[in-house]
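Consider the two complexes below, in which chain A is the common component and chain B and chain C are the respective partners.
Moving on to the complex of A and B:
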């Protein structure tokens, strides 16, 4: 390209700027006064920065740091911006562009070079082309690995089973078993199967709310006549929508409310959802009261707890 | 100059305005700071909901059953003090439950007839003088703590009995008057819990209090205790500026839609929760200097948008303006 004739380019002409030019005048009508104002602002900005140093030295409250540093940076920034805006030449300035199009000779010689050399290079290196193609294919396969591996270990039975067993004691977060005389009517407690109150699976899938609705046996759905001894009913605390802990119990409305998306469940009717996005009732844990008065589980939940998954709508 | 000033202010003003308006719309929905309904329209809605609520409420029992667990609010406690054959106080080193003095009973009866009987009935059994069907709550057998809580938190006498939920307001009656009414109502059918006095909540185990608060309270009252809207026009009130006795009373008696935490929490645990609420919740440490009511990232986002982006837009317009 060194043979391209430089002198054929369109010459760029810039008028020589003089201080008399109106474009070179500052925007401010009274530059002296503006300069003083900017100086004052920046002076106070400097005071703010120094104030930050003093505050830091004397270990002041956090808000003093923020206030002094904020004032300092704000006023200095204001000064610099105002300087550029009001005291620099206001313009506008126009700079002509040179012709963007190359000359015909330049264009032809470049095109010829690309066709000639490119064809030679690509045609001569079949091996490299093959290896590069192989590399790209390998990259594509490896790139799919995270999609498979990051799904984690297989859930196995944890989706359908919890740690609740026949005879599991219902214990609170401190491990204390719940006695039938404990809860007042209108009371609620979060319970776990004994031995699992501190475990990951206990916190994740076993958490259950135990509510006392009345003092007499309570049937929430047909077929669950023995599930609510002495007015106690137990439901999974995992919302059937997305698995949030359903911890809001409104005892007059007899509703459990999910704090995430406001799904409401009717506690007296098998926790059927009455409002919100939850698609299924909360699973109820069948419980009984043993001979010494402790509340225990009849069995595990009869259905998977928590939100739906691929084999469950 | 004025025309260009107007032009230059339009966009920032729109940014600020829409952000503030949508913020207002969003937060006025939260019941925590909502005023009790004073206009006609909300009352209509409220009464409808109240009717539906009354139907649901039929399932709720009269709540005579308290708890059999030791040291958790019932008379079954370490210390019991009898005077002239009647239990005047009980409790333990964490909380003492005190019965309102019996010599206040005549005063209590007079105050009750003036302030409460028009709805709850002259016999305090929820049958109003005009035999209104659908009824008002029966006050018998609830225990002095319940009566004291509703009066001392200003919820009773109610501003409007048709409200879905009576809001906290400046109490109309003094503490002594509240105790007097509680004494008279309790004399009709004696019950516990008595009025809880929490012993030095400032020295409670607030770490345990926090865990229990997170598990039992935060779902409705939020983790910062700011309160939040619940279902069907109800809301969990803010826990700021509530004295320790009322916190303990609410836990033990379960006012309104709040569950009754009797039996599942020991007196020691209640004291820890009260210590956490009256300490950390009511006197939060805000390292940033401005906690925004502890409402969380939504509030912070709106403040950031309204103040931050609005001011940045103004500065941007000022820098870019060349005329």
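Moving on to the complex of A and C:
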């Protein structure tokens, strides 16, 4: 702050207010009454605050703490604000704004100093300036290595693969393998490849919905003739929009619905999206029923599961 | 101190007793006297809309106080523990330490539930107050020269507040917050070229991993709060340096500030208001349940609950994600998930970009490069007001779009109908809002005394059956004539027994005033 405006202000002997100066009067018409009301409000505020202490001491219900403290602090605050508004000098008072800008000479002098010291003194040594700039740039780039690169592994192929393998048993969240007789027509269960039902990554990446549409083999798309044995179809449970679990099954529409943004997928038609923001079908897991009647995976998914990303072709 | 006042004799200075001594000693070392007096006298203009920013500031104070309490109990770890707390339905379940500690601090720490709920409510109030404060600044033109920088800082603060709200909301590791994290991962992944790298660096690998909760914890309690604290300080410093704006009125010019002095009037009002905001937050925390994580249960990547809703300030982005068409670009061996990248990254970028650019845009459009310390009434700037209203309408429609499923259910219309209705409304409502707002502004300009409350009439019937309408006698504020503003006086001269506050002054009609 420049000194000039303060020099103007401080030494000036401001008007000495007398106690009958209207500016010094409170806003309240009847200050004594207002004071009493405020005091009463603050008194109840104190009661509330004491109530909080009592509630704490006796370990009262959770809401009692907040209620007593809230009422107490609210009334106390109301009192203090009302004191300021109604009983302190109502004013209004005025203060001059001091100009932010300096004089033309001060501006010139600063600009001249920047130009001379920057362009003149620093600019004279172009080599050193360049080398210093290069050094700082190199430091910035190198410093980014630990700050960025150390934070995590590179994606590599992790997004394109899941833990499903040829022969993986489809197990539910408790690890029980699904048998061909387990689901009635219209039934649905969330399954994982055996051995991954407890792992966090397994839950996040491998989660698959198994739905029984009929009792006959079911073909959802041309080329998937063997993928739907005994009316069972399995789709990735990761929504192709943002990766929420597609957790709702509309049995009558034979559609999977994502609760996050309401994308709908037609289960009978390769889970192509029929509604909502999802751009792609849910990948279907090829499955088969083994000799003992257990449902197992033919292979991993044929395409990456979950939402889209740059490297996904 | 260069005192010239003749009153200020040594004898008089003695009268200030120990305070005078302390001020003297401090002034010798810190030089406080010179600026100190003008700081006490600093004038704050008075208008209800100026307290909106105060609400934001006080919510931030509450956030820090309750937040520090929560960090003493919260465990930022995704390692699996068995829950043994007092909430029976979860007992014996394998949950993350983050979730278990969040439930524990709610049920097994005395006052913990109140602190958690107050923290969450204070966050919603914080962001809300910033938004309303920003709207006030926008509609009254307070962002104009010389305050563009402070406006920019405020906008950055809004972004940081929203960001930290989301990060904090993710920490309990419950089913809803975990779903939010999944969506955050997918949005990061959607960035062209570097998306998967960004997502893997942020989460320390593929989703969910075990790094995100500890990382978000540090971001939530240290990194962003530190930046917010620094920027709030800068915001307030610039406010003091440039002085507050004021509405035009009696004796108010571009070169002065009319209002109440900082000490004691403004300080009393502000302190009381801090308590009032705290009180309301405590009442909300006590009586209005928020984010009951024990009902949602721990996060399980394969589970989800219906009608998943983020906090209110994320609603506009969620709405955009819902109604955006499912356009994905696939070609040249690459994929650009435009259905995610555009609504979740580009769209907020454009909205905040407009916010940042507005002062410059308006300066360019109006060719107005003058200093402005007097505020506009919104009606006097119909185009700006219209544009602001249209933006709010646009964001409001996006917000409503984030509950298409709930609305479709409630109104018994098809989800498809709701979706298309929102797609149309998001465009149509702002387009209609602009001309309607401009028209209202112009009408209000034309009405003398427009916007002021009309005085009520008291209708009486005389014994003869005649009806008379007489304007009502008084309203609060009637008869209160605003005086001409004066500089804050040095001190008050008391008659006779000065400093004594007993009633009964020697002069008739003179009220005794405490110093």
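We take it that the second predicted complex is superposed on the first by the 243 of 313 C-alpha atoms of A that agree within 3 Å, B and C clash if a C-alpha of one lies under 4 Å from a C-alpha of the other, contacts with A are read in each partner's own complex, and residues count from 1 in each chain.
Going forward, contacts are C-beta pairs under 8 Å (C-beta built on N, C-alpha and C of every residue); 3 or more make two chains touch, one makes a residue touch a chain.
Just so it is clear, the model here is predicted, and its values are computed rather than measured.
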Of chain B and chain C, the chain that contacts the larger number of chain A residues: C
First (chain B), second (chain C), both or neither touched by A:302: neither
Which superposed partner A:252 touches (first chain B, second chain C, both, neither): first
First, second, both or neither for A:125, with chain B first and chain C second: neither
Which superposed partner A:95 touches (first chain B, second chain C, both, neither): second
Chain B versus chain C as contact partner of A:117, first or second or both or neither: neither
Partner chain(s) touched by A:262 [first = chain B, second = chain C, both, neither]: both
Touched partner set for A:279, first chain B, second chain C, both or neither: second
Partner chain(s) touched by A:173 [first = chain B, second = chain C, both, neither]: both
Touching partner for A:186 - first (chain B), second (chain C), both, neither: first
Contacts on chain A seen with chain B and repeated with chain C across the two complexes: 27, 62-63, 66, 81, 85, 91, 173, 190, 245, 247-248, 259, 262, 275
Residue ranges of chain B touching chain A (in the complex, touch as defined): 53, 56-57, 59-61, 63-69, 72, 211-212, 215-216, 218-220, 230-232, 234, 254, 256-264, 287-290, 318-319, 322
Sites on chain A touched by chain C in the complex: 1, 6-7, 9-11, 13-27, 31, 56, 59, 62-67, 69-85, 88-89, 91-97, 100, 148-149, 151-155, 158-159, 173, 190, 192, 200-201, 203-205, 207, 237, 241-245, 247-248, 259-263, 273, 275-280, 306-313
Of chain A, residues touching chain B in the complex: 27, 61-63, 66, 81, 85, 90-91, 172-173, 178-179, 181-190, 211-215, 245, 247-255, 257, 259, 262, 264, 268, 275
